[in-house]
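For reference, chains read A, B, C, D and E in written order, and residue numbers begin at 1 within each chain.
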Amino acid sequence: MAEVKFENIVKEFEDENKGKVRAVNDASFTVKDKEFLVFVGPSGCGKTTSLRMVAGLERQTSGNVYIGDRLVNKVHPKDRDIAMVFQDYALYPHMTIRENLGFGLKNLKTPKAEIDAKINEAASILSIENLLDRKPRELSGGQKQRIAVGRAIVRNPSVFLFDEPLSNLDAKLRVQMRVELSELHKRLGATIIYVTHDQVEAMTLGQRIVVMNGGEIQQIATPEELYENPSNMFVAGFIGSPPMNFIKARLDGNKLHTAANTFILPDDKVALYKEYDGEQVIFGIRPEDILATKLLNKQPENNVVSTNLKVVEHLGAELLIYFDNGDDQITGRVSADAKLKALEPVELYFNLNKMQLFNPDTQERI
Amino acid sequence: MAEVKFENIVKEFEDENKGKVRAVNDASFTVKDKEFLVFVGPSGCGKTTSLRMVAGLERQTSGNVYIGDRLVNKVHPKDRDIAMVFQDYALYPHMTIRENLGFGLKNLKTPKAEIDAKINEAASILSIENLLDRKPRELSGGQKQRIAVGRAIVRNPSVFLFDEPLSNLDAKLRVQMRVELSELHKRLGATIIYVTHDQVEAMTLGQRIVVMNGGEIQQIATPEELYENPSNMFVAGFIGSPPMNFIKARLDGNKLHTAANTFILPDDKVALYKEYDGEQVIFGIRPEDILATKLLNKQPENNVVSTNLKVVEHLGAELLIYFDNGDDQITGRVSADAKLKALEPVELYFNLNKMQLFNPDTQERI
Amino acid sequence: SSKESGGDGGKKKDGKDVITVWSYPHYQENPDTDQKSYEQHLVELIKEVEADNPGIEVKHEILSWAEGAKKFDVALNSGNPPDIFFSVMEPKYIETGLAVPLDDYLDAEDLEDLEPFAKDTFTSDGKLWAVSQWISIHTWGGNRAMMEEAGADVDKIMKDGWTWQEFYDIAEKISQTKNKDGKKVYGFATQGKDEETFTHMMRNNGVEKTISEDGEFHWNGDKAVETLNFIKEMMDKGVMPKETAGIDSQKVIDMFSAEEVGIYGRTGPYQVRFNDNRNAEIDAGKVKGEKIDFVLLPFPHNEGEKEVATGGGGGMWLFKQKNYKGDEHTENAAKVLKHITGTKSSVTAATMFIPPARKSGQEMYSDLLQLETDNGQFIQRTLDYVVPGAILDPELAQKSSKVLNDGIKPKYQGFLAGELTPEETVEQWTKVADSVLK
Amino acid sequence: MASTVEKKRSEGSWDNFKQFMKDYGWCYAFIALPFLLFLVFTVYPLITAFIMSFQEYGIMESKFIGLDNYKYLMENEIFWKSMKNTAIYTLGTVPVNIVITLFLAMMIFPINKRSQTFFKASFYLPAVTSGITMSLIWLWMFDPTQSGLMNVVLGWMGFDQQLWLASSKSSLFSLMLMTYIGGHGSGVILYLAAMGGIPKSLYEAADIDAASWWSKLKNITWPLLKPTTLYMLITGIIGSFQIFEATYVMTQGGPNFSTTTIAYLIYQHAFEYYQFGLAAAESFILGFVIIVISVLQFKYMASDVEY
Amino acid sequence: MELKPATDNQYQIKLDEKKDLQRQAIKKIGLIIIYIFLGLWAIFTFVPLLWMLSSSFKDSSAITAVPPELFPTRPTLDAYKRIFEVGGLGRWFLNSTIVAGISTIINVFFAALAGYAFSKLRFPGRNAIFWALLASMMIPGQVTLIPLYILVVNTFQLENTYIGIIVPGMISVGSIFLMKQFMSSLPSSLIDAGKIDACSEFGIFWKIILPISKPGLAVLGIFTFVAQWNNFFWPFLVTNTNSMRTLQVGLTSFRFENMQDYGAMMAGAVCSAVPMIIVFLALQKYFLRGITIGAVKG
């Protein structure tokens, strides 16, 4: 049983200049046994710090951490049955890669043969067989990172902690590693806590995702839930790439007035939002819900905006389009088949079925 | 004028154990004035090394480097009018962030007031105003990286060199930075050479992209070109995420036999490939060209495959689906509206209009 | 391992009372002349005393000259001095309360046998603090050939002494010459590290004591200025090196050996033996250089003043420890001390060509002492009128050494370096003396 | 969970202690043995000496005299003179030698390995010779006659012969000169080791930042060497303030007190006059001065440099 | 992709090449100057030692020759013979090796241990303890000599034993300070990695910190060895038999009251320098390695 639980965790750092810096503020969550939990959040929001508290490398200022049923507040990292991949690799510079990988096992008095077997297995998973006899300083950035992942894999603990393990890998290897990690997770039945800032990683790997900001947990949910029902503007803006568009608007019956346009709400939404009738709101719509009318089989009756595109970016199969709506810049993501060009006029359909509204003051979802 | 030109560049390292290591092999290319050129390639392929040769930090073993009209083989980095963001940040550990940012300008004897103005400007672009008086070791990984970018921005040189500048940033900041870099590029009219392993960055930022592998340039082209006409399997597999599916197949008139299915080629393709009739080929198809038939308005007549999905991953607006075709695992990327589930049977339409064929021996595109 | 000695001597081992002796390596073994080392001589005496007293075991240690005294200082101030220690007169030892006066332990015979000078040297407060081993006469030394070339009657000088003027004339003549390397020769050289030579000259200018027993300072007047002026003139005229301030005694001997100096101070009878050995080595071709006919010279005296020879001597002291080990132990130690300073021990002095403190010893080793030579006769003559340096009660001695260290020595060095005139020098050190002695 | 909270509350101070030991015990274990030795062989003698400084020390018994020793020193001209000499010596040697050392290390750093070894060894060699031997050799070099080596060298350069140690005008400087010429070996080695630890990429970043040779030295090398410099400053100051051997062997404080350092004075009081109380008082005054200076150094120089 | 043969372009290339040549030249000249300067400086520092070396081969008359001979005109091994004839040279060497070797090992080990604790571990009282240690360094040793002597000789009865010689020098605050300074720039994340890798606290020190501190340890090792080897006064105080003397103590027997055997002293100094030079050469290869490079990024 390797459930991990945070209970009202607060972590403050002493900063020489600024006094106390609160890196994590009253965080509570539970990582279920064998769950793959992903932490995302902007840089400096406290992801690494949280992970380090699970590992026992940092002691929380207050609150409790449990691993399994055990209160581990005061348990040494080595007794927590965890393995960790560090954001800055932290490879032992004086050991060869083989020794780096085997170091943990050696400390645990694993028989030599078993260590070798595990190293070879990890090496083949990560395709680093040919690097085993080098020293860390002879490797490129990506190679080092793979070793760091390998060091955790060979340990086979009940909780894995990953701090942005793939951020320096190339796309191909990343996909491959992602699949490997996914399989590893299934095969080992280990609990995994995974810090990343990569959308795709978070969405594909995480069974649940914790979104943090400024030391506070914003939302904990499955990827779909997070995507479809973000609890506030921060989450909505953070999850999804390109991020959700936010447009200042006013609700007026079944109409939504923005600076430049008026949209007609679908009936279910009208019902949903009727309490807020007449109020200022923030209208949120995801780029993929903005469609080029020319690709639609059936031309929509309303919610079509005519505009000039400012910028068009090619993403292979898709285009990212940028245009203005009053003061707000809006991003859309349309199929490359639309063959849109910058500075050309275009008609865009806003699909409001998946729209969201937010309270402009609290930023909470309505 | 800040064109950058590589002419038959070879770079060899002396490795203590392995003798000569050829990191870059006979690379030639030109970065046009004001162009935004992106280098992509797997870890260890020589991207950083190439960039360092432009910077003058590494001297090529043979070949010429030009910046502008100037042969800079023998020009000192500081006289090349470049700025660089290092992969490992290389922040000065003992200086505050403000000092880190201002160091280059101070060396150039820029007046104090101007330095301050530039620092403040860069700080606000990167939203690091509140970090200015800290030391690097007090920052999170992503924060450090932003500082490294800031250091280049304040310098305002005619050529910018970025070595994976965004790899540690969170998605939101990344998009923001991407736009900033894009605008910076336009605003400053600077030539930019940018190393990344991020698909999206490469495709959105690069006016042209250089794909490297094992020290050799595989292809230089615009993002669209690269995506649509990869010159070989390596490029095809490397560009696009998830990568293109490669399926062993045999060409037979207008038919393409794979282990499990037979596909009918569109007419233009039949004409294109007629020389190869009857030969073994590699059939390449991108995940987004595999569509769920249930979402199609018009049901296709052929090229439909019925299969059971092995894995389905949610990516918000899309699903990644994995299934087997003979020995080959195939990945598809379909709209989330299709609501596909793992282990359920499904009908998938292979849109062969954008298919590619490759020579199994040379791996070149046919 | 033997943990007994020095500090914690007196521990019973095999029921024996262990007595520790610390001394210095006065001379080394010389295989060419079959000369034994000092340590070998000492060990012989120790063996004898152990044989006579089965209850006593003697441990000895030969300290190095360089730092031996400091080691003793540490041991003494830790309350753990060795039972027997070789030293010159040091009133500060007496003040610690650990030095044991010897009057009660010596027989009348012994006291009778010791030269009066030797007793005086170690008498303070009316008690005898050490049994002197020898009478170390301070003299000057000269190169007979060079002096005679300058017209000096060396034999007469050795017999009757000479005046400052006579000395100055000879020295000046010598300083006009050059040696065989073509280098300038000095008539006189002496070390400038301390005021020793000046002391000797003051004693021969009618001022016998720097500070008298009643605590009065005597180097405050014209006599001191006159003496300084005499030295100054020698330096000004190039009779004596003007760099004297920076010359140490080793350098003086080196210059003398290289025939760059005709007369130098100070030396002593031991130098005769060194010189003989050196000449022998030159003969044997082991050492390159000129043989020198070395003569001991009396200090010159100022016209109208009495000639005063200065001397001192080292002897064996008896100490008790802070955690007193009992009268029996002290008695045993005294027994050992008596034996190792007995008549036979005079071999030490004689080997070094120094007159032993015991009359019986002088007789026993007369052949070693070569009293018939010119230098030997000079020594015998000098023994008759040599006086010890000032002996003061311990408290005054303490002050005296303060006057010396804080006033006289530094000012004298300043004078030699040409930074102070004779008048200033005397004025300044008098000020220091007054403040210390007030 | 509730029970844990409960338990926590009921924990006695013994349990607190147990937890404290669990958390930090090994930290103390790491310094325990060194610290124990330190207590016995340094602190205990120091305390004894500190007590002595309020006594008129005698072997059989010591007399408490309060602050008399300190008072005496405050009024003693020679004590102040020696303080001044020591201060001049320290100011004249420590910074100069650190600069020389840094300079030498910087010159050695870029050359090839084999030459590096040669020069490191050459500069370090004087350090392997004992202080006494070195002092004797220098005494010979400072021979004030025309045959002294330093005078011969001055002669070549057309200068007048000097008295060196024999003149109160030049004696302290001569002692300082000795340290300028020899004795940088250890510092050079320390600096080289520290330089080896500075990441190369910082210099590359600086190259691109258009930093000149001087700017790199001033803004990167120098600040990143701070931990080493601080060490050398502190130990250098301690060493200089406690300079003894050279004066003892070469000048005995002379001429005319021009080289009387505080440590030599301490020696004199202790071993020539057996005034151990006075010597202890001097030591503690000296120690206090060094501590004050060191605290200031730490304040202005301490900067953790972690790459 | 061909070259534009614009004249100013050619000119620029020439200029750049010239500048590069200049830079290379400056580098080369700089290097030459460096070599010359270092060479001269080495000679400077060498003169005293050269004199020591050459004096050890001189006979007594040549040593005191005026003017001094820098190189002996009639080299002789007499001085060496003399010091070898005096009993105990071998024994002194052995004693010195034992004393310096053991003190060095203990000293370096303790210093590394404490230096690590003071630089990388956080515990209550850390700074206070460190300052207490440091402050003790600032009181000159002369005053603690007597109490220390009483302690070692009177109380612990360690006179004339190896332990007695070694014990006061077993820890040195200076060494701890040096190690603390050195270790403060090691990356802390390696310690974290060690913790995760189930390494005990001591294991982290032993298997991670010590190996990557090799340059610092080597430097401290050589410093300590030399200091202990040259240590004269304390061994002189606490030994009292020839068989327990260390080399430095033994060699003082060549200094006599009214005359010094310079040749023997210098020969002794030369002999005593040899082991230190060997230790130096053995350890120096560790000095320069920036061993942590490649451990972490950023």
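Before moving on, here are some points about what is shown:
The rule is short, and it goes like this: a contact is a pair of C-beta atoms (placed from the backbone, for glycine too) under 8 Å apart; a residue touches a chain by one contact, two chains touch by 3 or more.
Please read these numbers as outputs of a predicted model, since none were measured by experiment.
Any chain bridging chain A and chain D, meaning touching each of them, is among B, E; the list is complete. Taking each chain's centre as the average of its CA atoms, chain A and chain B sit 21 Å apart.
With each centre defined as the average position of its C-alpha atoms, the distance from chain B to chain E rounds to 53 Å. Separating the centre of chain C from that of chain D, both taken as means of CA atoms, is a distance of 39 Å. Distance between chain centres (mean CA atoms), chain A to chain C: 92 Å. Shown for chain B are the residues that touch two or more other chains, namely 76, 87-88, 91, 141. Counting partner chains per residue, chain E has residues 66, 145-146, 187, 232, 292-293, 296-298 touching two or more of them.
Across the assembly, chain D contributes 132, 199, 270, 276, 304-307 as residues in contact with two or more other chains. Taken together, the chains touch in the following pairs: A-B, A-D, A-E, B-D, B-E, C-D, C-E, D-E. Of all residues in chain E, those touching chain D in their complex are 31, 34-35, 37-38, 41-42, 44-49, 51-52, 66-68, 110-111, 113-114, 116-118, 121-124, 126, 129, 132-148, 151-152, 167-168, 170-171, 173-174, 176-178, 181-182, 184-188, 201-202, 205, 215-216, 219, 222-223, 226, 229-230, 232, 248, 265-266, 269, 272-273, 276-277, 280-281, 284-285, 287-290, 292-293, 296. Within the complex, the chain E residues that touch chain A are 187, 189-190, 192-193, 195-200, 203, 207-208, 211-212, 214, 291-298. Residues of chain D touching chain B in their complex: 199, 201-202, 204-212, 215, 219-220, 223-224, 226, 303-307.
Per the touch definition, chain D reaches chain C in the complex via residues 57-60, 78, 132, 139, 142-145, 161, 163-169, 252-257, 268, 270-274, 276. Residues of chain D touching chain E in their complex: 24, 26-28, 30-31, 33-35, 37-38, 40-46, 48-49, 52, 104, 107-108, 110-111, 113, 115-134, 136-138, 140-141, 147, 149, 152, 181-182, 184-186, 189-190, 192-194, 196-200, 227-228, 230-231, 234-235, 238, 241-242, 244, 263, 266-267, 270, 276, 279-280, 283-284, 286-287, 290-291, 294, 304-307.
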